[in-house]
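Chain nomenclature is as follows: A, B, C and D, assigned in order of appearance, with residue numbering initiated at 1 for each chain independently.
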Amino acid sequence: MSGINREARQIFAEIVSNKKVGAYHHIVFSVGELANSAKPGNFVAISVGGQNSAMVLRRAFAIYRTFDRGASGGLLEIVVAPHGAGSIWLTNQLPGFKVDLVAPLGTAFGIPTEPVRALLVGGGYGSAPLFGLSEVLKSRGCRIDMVLGASTAMKIYAPLDGKRSVNSLTTVTEDGTTGITGKVTDVIPGIIETNQIDIIYSCGPMGMLEAINVIAQERGVVHQCAIEEAMACGIGVCMTCVLPIRGEDGVIRMLRSCIDGPVVDGGSVIWNSKRTIPEGTWGRN
Amino acid sequence: MSGINREARQIFAEIVSNKKVGAYHHIVFSVGELANSAKPGNFVAISVGGQNSAMVLRRAFAIYRTFDRGASGGLLEIVVAPHGAGSIWLTNQLPGFKVDLVAPLGTAFGIPTEPVRALLVGGGYGSAPLFGLSEVLKSRGCRIDMVLGASTAMKIYAPLDGKRSVNSLTTVTEDGTTGITGKVTDVIPGIIETNQIDIIYSCGPMGMLEAINVIAQERGVVHQCAIEEAMACGIGVCMTCVLPIRGEDGVIRMLRSCIDGPVVDGGSVIWNSKRTIPEGTWGRN
Amino acid sequence: MFDFKTSLGQANFENPVFTASGCAGSGKELSQFFDLAELGAVVTKSIMLKPRSGRATPRMAETPSGMLNSIGLQGPGIDLFLEKDIPWLRDQGATIVVSIAGESVEDYAILARKLRAVSGISALEVNISCPNVENRGQVFACHPTTARAAIEAVRRNIGGELPIIAKLTPDVTSIVEIAEEVISAGADSLALINTVLGMVIDTNTMRPKLAGKTGGLSGPAIRPVAVRAIYQVHEAMPHVKILGMGGVASGRDAFELILAGASAVSVGTATFGNPTAVIKIKEELRAELISHGFDSLREAVGYAHRPEGNL
Amino acid sequence: MFDFKTSLGQANFENPVFTASGCAGSGKELSQFFDLAELGAVVTKSIMLKPRSGRATPRMAETPSGMLNSIGLQGPGIDLFLEKDIPWLRDQGATIVVSIAGESVEDYAILARKLRAVSGISALEVNISCPNVENRGQVFACHPTTARAAIEAVRRNIGGELPIIAKLTPDVTSIVEIAEEVISAGADSLALINTVLGMVIDTNTMRPKLAGKTGGLSGPAIRPVAVRAIYQVHEAMPHVKILGMGGVASGRDAFELILAGASAVSVGTATFGNPTAVIKIKEELRAELISHGFDSLREAVGYAHRPEGNL
């Protein structure tokens, strides 16, 4: 889970399809051989705004899944929430349009060597990378429970074919428009206990990841989470995307979430440290 | 020929058609009633680059012609040379796209009250506003000769229906790919003499206008020309677009080409003064 | 009822959105697009003692998210301005802020004397970001002593009534230092910021694009510089009112400057891209303030400075 | 044969396109996109005496045609840097310019002593645009005396060989004054410009977006400021070589800085938008120079300064 993703390539990728799904856009790119090298948890960085855009930075999106169809046919898919100017621009681009895309970037979810009982928790569009992950886990013989949460039904991303690979799926919304009314953390303890979960994989807003982490640590469950920090470069050269992580040597360092993440061990993150450098961090003065 | 164009309105205008014609794009906008108020010589100012564009200023284009088809059907047409980022962006927009457009702006060609013998000279896309002008002049019973020049045939803009209203049309190209080989100024003196021209109307690059003006002044022919100065606002508030013009009181003033022009009396312009303020200009220090 | 009123020194304004000096002439050209009385104020183009041709052309260059200008303060001079522009603006019911600029301390003094008895003016914006011919063309606002001298000259000659807004350049090592100096010299409030000194070279001619070589950078590109300057000065002197400007193109942008510490906001370059920008920004700003739960503009001024922990 | 070579002080470079300090780490992350030996030089992220965590997050905000950053010089400290990064860069065949930054004059002296014996370094970029803890956090490059002190400390300790490139901030009243000071203090050449101080306020939280409140503005938005600074300094000291930077995103942009007076150009923010920007810019610049009829890069340096009338 660390270091440069040696597979990363920069390509112009044509949009093959762009469909609205609930509150999101499901966008498919033709990426050729690059599709082979992406692993669940990796992300893409896409230039936005076209030529003469006032937006100078790329936008990061988790890879939802890839299809290896050889050099000409490889596909890469993402799920985009129209948020600000850049993501809205992207959701407005039509099939045939080519975007400048760098992928795969960052770390991937660690795959256990033996069959385990895994709980996958996604918040909002954070569910996207979990479907690819669940396919891999299933192929390794794991049992997979999935919990998806959002503020409202439209923000649950759970495509039919994605659900195939999970053993159970629980949805939770804050407004009760679908599934259980509440937050994902309301249901996680029960599932951990009932299904004897060995590992939690999570992806979603930082607040959710932190709350899941508390539950995981209390119960001694391994927790891998994909974090989302504002990134300027996505490739490890700008140092904007850091967060404090305790290393195996016990030392806290400000690590780059773009190359030492986005997937990190939840137990090693110093949570809720935004706007401060935690005491004891290496090089803090 | 001076002051604010009281007809100017800001509208969102849909592109009705956008066709490549030689080196140019002929673009038609649906502008409703605004079509009524445009006069030959006026220009439009169009926002370019779309939302989040790094280009903050409008681009100016001479009005080629307008069609009054009532509130819903009025059309306004321009001829655009893909030059830099803004004009290239505009030529790439498809029918159905709406642009933010302010028009009509600036002064119009002065129309003589009696039938006169007029020579219309256009350089490159500078021919565009002359066709609307020739229709007006023709309806007033004027005799119209037209000379169009450019570096090469592709840069002569002379649509078939435009030619209908002129009595003679001479084309001149520097590379001889169509018409006479040379510059417009090679043929103008002959036409002035043969056809006893009373007034010259011109539109094109500054160097051409200046050369025409020399010929016109030598022969005592009135010369109205539409000039092209870099403009930031197009509506008279920024003072970037000025050029030195001698008033009827004999005083040279830095006048705004967006509201005291683009059509000015060639004889009153202090030509070739770029990068200097002419001696004697009001307020020069 | 949402309260949109604001003040700068003793001058009161119905709303906080003004034109920026040099970006709206004396209002006439904009008046065909909207009613000038709808603006917080029309800030007129900086006027000098005598008529001025301004600089040679080219005077402008577009830059990424901005533009350079080098107009050189073209204008008719104070006498013609008072004779024609001011009565016209008064007739429109516009709230008027007159901007003045001088080439010497004496110029500022004379301009102030000419303006002291003029009725219908709400405040004087003193543009001291211009070259001082008596001091090697150095910009007044670049040095504490010359900045002070210009403002003192205006203060002494303007009499007690008309509030003085000193307009500063960001092209200094410490804008807080200059701000403190002009306030102690008698300015009532501050206008921040004037353009940032820049240059564009035309790669075709391979020479500076502007005839004046350097020019002033404006537009969204400089907004972060404006926000920083306003924030720093408001932090140092929270009781001094600030007229903020620099790259405001939307109500969100205006709100950003207000949170930093501006009591009112001028709109410059945005008007070039959109003749009705000032009106659009005013309406968007009102909506922005209301949607953030403010009952009045005043509550939002400098709100970004509240202590950590406060909501 | 077109001659793309350039020099800064006694240091020679195969071509004039470098990475900008802090925008390419120590090269490792870019090396998977292209061969570092293709660059004029890799300018490493400013290194300090001790390991540094840098500032808290958020550390960045996108702005119109630019971005703000407030990294706070995160890094491993000079010892680890010399042990790991330099040998690795040497192995790549990269031309290396090491950037150093200190919190005190003494820091600069020690850094210079640690670097004087290191082989494989072409030049030292001395980033003096950082806060001086001994002087109320004032930036060294903001005042002639502190700028001089930092550069003198490096000069005295570096020995005769390694050329010193002093990197200046544009946030000063007169960059020419600072430039003259550091040259007389022993710098061989100059790096212009560091980022421009700015701020963004998040209108949702209604607080400064960056944890460090202010940050450095970079990207195309500041290019006109960079061109102006380079032009002014080249005009004042035509014999001093300049490493130009600020908003270069294309060969045309690099050419603009060179015409203004830069002998080489660093690319910063553009790399964030495009990992291969440096290589693209190098090729575009070569084409640009050739298409304008230059036989060598050297002929184009400062070409915008030629007298009127000359072609």
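Observations, loosely collected:
Here is the rule we use: contacts are C-beta pairs under 8 Å (C-beta built on N, C-alpha and C of every residue); 3 or more make two chains touch, one makes a residue touch a chain.
Since this is a predicted model, take the numbers as computed values, not measurements.
Among the remaining chains, those touching subunit B as well as subunit D are A, C.
Interface repeat of B-C: among A-C, A-D or B-D, the matching pair is A-D, sharing over half of the residue-numbered contact pairs.
Centre-to-centre separation of subunit A and subunit B, using mean CA positions: 56 Å. Centroid to centroid, with C-alpha atoms defining each point, subunit A and subunit D lie 35 Å apart.
Between the CA-based centres of subunit A and subunit C the separation comes to 47 Å, rounded to the whole angstrom. In subunit D, the positions touching at least two other chains are 64-66, 219-220. Among the residues of subunit B, those in touch with two or more other chains are 54-55.
Chain contacts in this assembly form a complete graph, since each chain touches every other chain. Taken in their complex, subunit D has these residues touching subunit A: 22-25, 28-30, 32-33, 45, 50-60, 62, 64-67, 69, 71, 74-77, 211, 219-220, 249, 269-276. Chain contact summary for the complex, subunit C toward subunit A: residues 64-65, 220.
Contact residues of subunit A toward subunit B in the complex are 49-55, 85, 89.
Considering their complex, residues 4, 6, 8, 10, 47, 54-58, 100, 102, 229-230, 232-243, 253-254, 259, 273-277, 281-285 of subunit A touch subunit D. If you check the complex, the residues on subunit A that touch subunit C are 54.
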